[in-house]
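Here's the structure we're looking at; comments come further down.
Chain naming follows the written order as A, B, C and D, and within any one chain the residues start at number 1.
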């Protein structure tokens, strides 16, 4: 490494108003290297990278430091010179592919705009854009050029923005959680793509993520950030092998994906690093296979019709979406069944049909012996009395203008159980989910994601149900918090013997809580079986892909294009 | 008579709405900088009917008076004088048989040939044809027939001797002569489009709500006129007309006497401001047919509670004079110094006697500045006497259209009619069979009818005048009439012209002169 | 990472704090002052006005302001100041009543359309659009005479024409809210739609609506004046700023004082309430900025 | 896109039909029947009956409504009861005047408002920005009547810079414009404020959007970002507002036309209603609503063009 580094950052500090976001960060990056930046939400990793080329919102101010790119300090470069670098030498791939593209222009136009400085003719630019789209293996690129962003899927959009970022083969590509918004398998594809392109362009890459797995599979070096500080830096193998800083150690230790053996007590940031991760498999007799299943779904089919712009009588053709196709599954008493699949696989629809929120077109759903029938409100009521659902978005599923306390008791009131001592029950529920009683008077927006999730659990427990349906209970939570939530669910189950139907796309979560797994693809069950068996010997490619994705093992990449 | 009212109708119509009003100035603007040969006159509204049998609004009246010939017409000037028009000579010596001879060589427009005695016969007798449903048939009750004695000569035979037929019909609007040939071609019925006319001007372009243009009549052989184009611009409200005048959009308009002082104090540039007394009676009708008002005591109480001088003060800045009856000062049959005077105590007593304390009545009137002012004062007056007056300012159409429902519901109504120098014209309408049509007051008295008949055939002016006085007294004593005033009006014109107008300010187009 | 402010919690005691925040915004301060003045002058019109607003005194008509008549007199010699004060009463009551009714019906209909039985949605929306197809003033003109001029007509017209406006906003926000996870969660508990609406959705959408309403008060005040000006509004002997303005316009060649006397309070009112509304919105719900 | 437009237009037509029908019934409910209004005091029962029959007023209401709609379709809006002329002609005289006024007002509002708004947004929190903020709110607050009357009082009656009344339709373009200045400002000024504020708000929002930051990250020049990326989206709400605003502007137009004695729908309407000249008032409202509906329809379609997502959210 005789040559000078491509990027050198000294003592970079950023603050939002008065509160610091990045504290005196220093690091450097050589050409053709991939640098990962990990950290939990709020660790300042995004702020850091957008600061490099002064693209922070007005509220943020860069208080000190310098950023040398090929010897010139980006923080002090006149705006127009800096602009000359952007897009050509340094380019970005941003987190949310939806908002990264202008809704108002066809993607072709937007790509052309990036080339506005190039000497080529319009025609040539156009064909180069098509090539670029082809390069990121977007099907039928020529047609895509004329489409508007909202006409593409999330993955396709992300491919487009990658194409835009890389088509001019910049020396430095900065990617801000480019895959977080995507499904696991899709994530793998995109990562694979990025790695391929990186090899071809030999650009240096800064890759921001909260996923250690991604780093290990994609990056050469890694920075670990916590509360605005770079707590650890170094080549990936070294850092992962023997992390120097406690925080790093904890991160590594808390990531469920890195714990090979199933355990019903995942480590959390709280517990002592000295003790080794203990493996708990819970009481033997937890699952009562002999008794009739709490939930029994038989040959369930659910269809949606997407109305056409034109009403039927004007020849509009509403299209039929078969969301759930002939799915059968059952949850036994005290058992946790994981329903695994990605967005659009119909897993949530199944959950909703259990509660009679959607009607089944054929097949049946039976809860504790009662067959769900949307027409029969009596049955619905009793079904809902013994079934609670936890919704995906922890904060969003709480009514913004009602206090936590009232919301937790809401189910009881709906069930007409006004008799019981409210305060007492409330305190009990709150303590059960490990929240201070004082939270009762708070409002949802005053809670952190993890706390809101706990409230969700408390509300689910209010009716001491026989079945809890947890829809993506860990989505959007930092790994450390994920563990806590899973532990909570597991504890409750052991204490109350409740059955849990957990819906997720995250296999590493499944491994540590599920007894059995049902894998769903495009509304159909592709594989089902005991958890251990699924992980040891997955039958279906899709299952394999999911498991791989959860460990972020990228399929070995071949030099030949 | 209703036409008169209608006439008045449209007079009020002119004040109908500021908007209508101001709005109308519009065309005015259209004409800024038009040639000096153009005379721009503000009129209350668009014309409705230009058939003498159906004429309604003041504008209809202007146009019929100006476009059609008559044996004789009232002459422009400060006095009410009659001058021969189409007739070379008229023999009034026998009030039952009127002989006339026409001037030769008066040509109809549109090539309908010369004006002959046959046209006169046709024009007058058609009003008697029931199918025509002439609006002015009442005026022709006495007409027997018109005897044509030669191309230009004829005799008008009446069933009884009458002078009023001459003064209030033949020389007045309804006496207009139309072309027999043209009318028959038009099927005898024509609304807004006049068939052949005579005179220096003929109808030109007509844009409803915008303007109506009179242009020179090439066939006219009589004395020449100063203006080769007259543009009538409908402006409903005097204040608006004034504004338009000040903005230089019109050359001649009438305005409210209430504005006289300010106009004199600060006249628009190049304006001549005159005050003219009209003979148009403004009066408050009190329907005795309404059960609330059937008791004469109540009606008298209302008469006595009103402070008419204040009303006049407010609406005319004191230039109006409280009326003593339908006949204006200086005309045959005017009552001197017998105007109602206010007496609140007496009014209260009368109400008490009638046991009508806390009475609530409704006043209908055409919703415009002047009427509104008057109405609000009356409201205050009656309040002092313990009568609640609900103001019901209505739009022109609603006020004047009297369907069965409304006829039954009439209570108090403030209204003005166009006047005629002969009081007979107005007073002939307060008879029983006019109830539900034009006799809104529901006044009916055999003695009155008798007097009416007597007046019709009384040739001697003073004698007839005495009868008129009696009749007006009867009307007032019935408690159904409160005579407010013969409204004065302000006349506003450019100093570059000399207007030709009747004593009440109605324009006679051909008489307008440029100041050399 | 764009920083967007979220609504503050509807906690007790937040009221005072809110008021202080409001006053700290100059616009808000001006608004509060003006509005307070107006309300006071309207409430105490009886005490404040030097003359009986209906007292006619023809000899002293159309006077310019003087010590006897601070705002001069009108064509009937009535004291314009007194009339203006009582006009304030009318203006405020019309504005407040109309707003209340409009918001009331708007919220109800909007919620029915947005969260009620499906088949009701289209008809209601269509009705809304139909009413919205009439330019307000023009409709007022057409309808005014039918029901006869007067306060009730004015209020009626204002309410009818503005219900769709609120209705539509409510509908959209209800629909938006009903897609939110928390509503789904509540339905999963089997809570009745009515209860969800009343207890959970309404509290979330009402704040913005009320702020919008506060911004409509000046519009209503102006409308009342306008309609009275056109003669389809308040009737004498009642007094209204619009009527004063109308007199002023009619007698504009005689005096301009009437026009001024009519417009000054009107402008003060509309400005005051607009400022207040603006400030309220900026203080409590910046997200509304993009809406109109 | 086409489908959306068609749908939107269809809706527009449906609404127009509904609006006209309900209004027809409303007007028919007016006290005193049109027959007597038409004949005036001369109305004899016989004549009335004849007219009533001629106008089909004796038919059941639905039939009347239907007939009216049909004849409207054939371009026959009935006969002006006063002038005995086809209503269509009367409208032909007045509608263009009103459209001129509205067009000019929108122009004034947009041409002044949009730049002010964008500058205020770009120079956010500058003195200029605050000034514009205060100014726009103030102009919004002042009713058009007052602006019209004072404009009249000061600039026309007082200084005589512009004509006091009329539309100057007979004297060529220049006089037309000359007559248009004051009215257009009276109607448009409030909207300058509206639009300025609106553009500012949405501009600020858009400028902080992710894709703008991305465009910057790709080194696009600021001007291109502001005009091609930001403004384009930022004006969308403005267009909607103007679409709806046309209704409000028409309200102001009524006053302005009255005060300045401009021929136009508003003035026509006022007179007609006053005289219970119901075919005209119907025609006038028809015209007005028509204009309004067309305006909203166009604005929706424009929005869909500018920001295709509007198609989903738009209705």
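Convention: contacts are C-beta pairs under 8 Å (C-beta built on N, C-alpha and C of every residue); 3 or more make two chains touch, one makes a residue touch a chain.
In UniProt terms the chains read A = Glutathione import ATP-binding protein GsiA; B = Putative D,D-dipeptide-binding periplasmic protein DdpA; C = Glutathione transport system permease protein GsiD; D = Glutathione transport system permease protein GsiC.
Note that the structure is predicted; figures quoted are calculated from it, not measured.
Novice: Could you compare the number of C-beta pairs in contact for C-D with that for B-C and name the larger?
Specialist: Counting C-beta pairs in contact for C-D and B-C gives the edge to C-D.
Novice: Of all the chains shown, whose C-alpha centre falls nearest the centre of every protein C-alpha atom combined?
Specialist: Per-chain C-alpha centroids ranked by distance to the global centroid put D first.
Novice: Taking the mean of the CA coordinates per chain, how far is subunit C from subunit D in Å?
Specialist: One centre to the other, that is 22 Å.
Novice: With chain centres taken as the means of their Cα atoms, state the distance from subunit A to subunit D in Å.
Specialist: Centre-to-centre distance between subunit A and subunit D: 50 Å.
Novice: Please tell me the distance, in whole Å, between the geometric centres of subunit B and subunit D computed from their C-alpha atoms.
Specialist: 41
Novice: Hunt down the residues of subunit D that sit against at least two other chains at once, touch-wise.
Specialist: If we look for residues of subunit D contacting two or more partner chains, we find 31, 157, 208-210, 258-259, 270, 273-274, 276.
Novice: Residues touching two or more other chains, restricted to subunit C: which are they?
Specialist: 2, 145, 230, 249, 252
Novice: Return the residues of subunit A touching two or more other chains; collapse runs of consecutive numbers into ranges.
Specialist: Residues 57 of subunit A touch two or more partner chains.
Novice: Subunit C touches which residues of subunit D in the complex?
Specialist: Touch list, subunit D to subunit C: 11, 14-16, 18-19, 22-23, 26-27, 29-31, 134, 137-138, 140-143, 145-146, 149-150, 152-153, 157, 194, 198, 201-202, 205, 208-210, 237, 241, 244, 246-248, 250-252, 254-255, 258-259, 265-266, 269-270, 273-274, 276, 281, 284-285, 288-289, 292-293, 296.
Novice: Sort out for me which residues of subunit B touch subunit D in the complex.
Specialist: 2-3, 5-6, 9, 13, 16-20, 22-33, 45-46, 48, 54, 56, 133, 135, 191-192, 207-210, 240, 243-244, 246-247, 249, 395-398, 400-403, 406, 437-438
Novice: Subunit D touches which residues of subunit C in the complex?
Specialist: 2, 27, 126, 129-130, 132-139, 141-146, 218, 222, 225-226, 229-230, 245, 248-249, 252, 256, 259, 263, 266-267, 270-271, 273-275, 278, 289-290, 292
Novice: Which residues of subunit D touch subunit B in the complex?
Specialist: Per the touch definition, subunit D meets subunit B at residues 31-33, 36-37, 39-44, 46-48, 80, 82-85, 89-90, 93-94, 156-157, 163-171, 175, 179, 257-259, 261-263, 267-268, 270-271, 273-277.
Novice: Under the definition above, what is the set of subunit A residues touching subunit D in their complex?
Specialist: Residues 50, 53, 55, 57-58, 83-88, 91-92, 94, 96, 99-105, 113-114, 116-117, 148, 150, 161, 164, 309-310.
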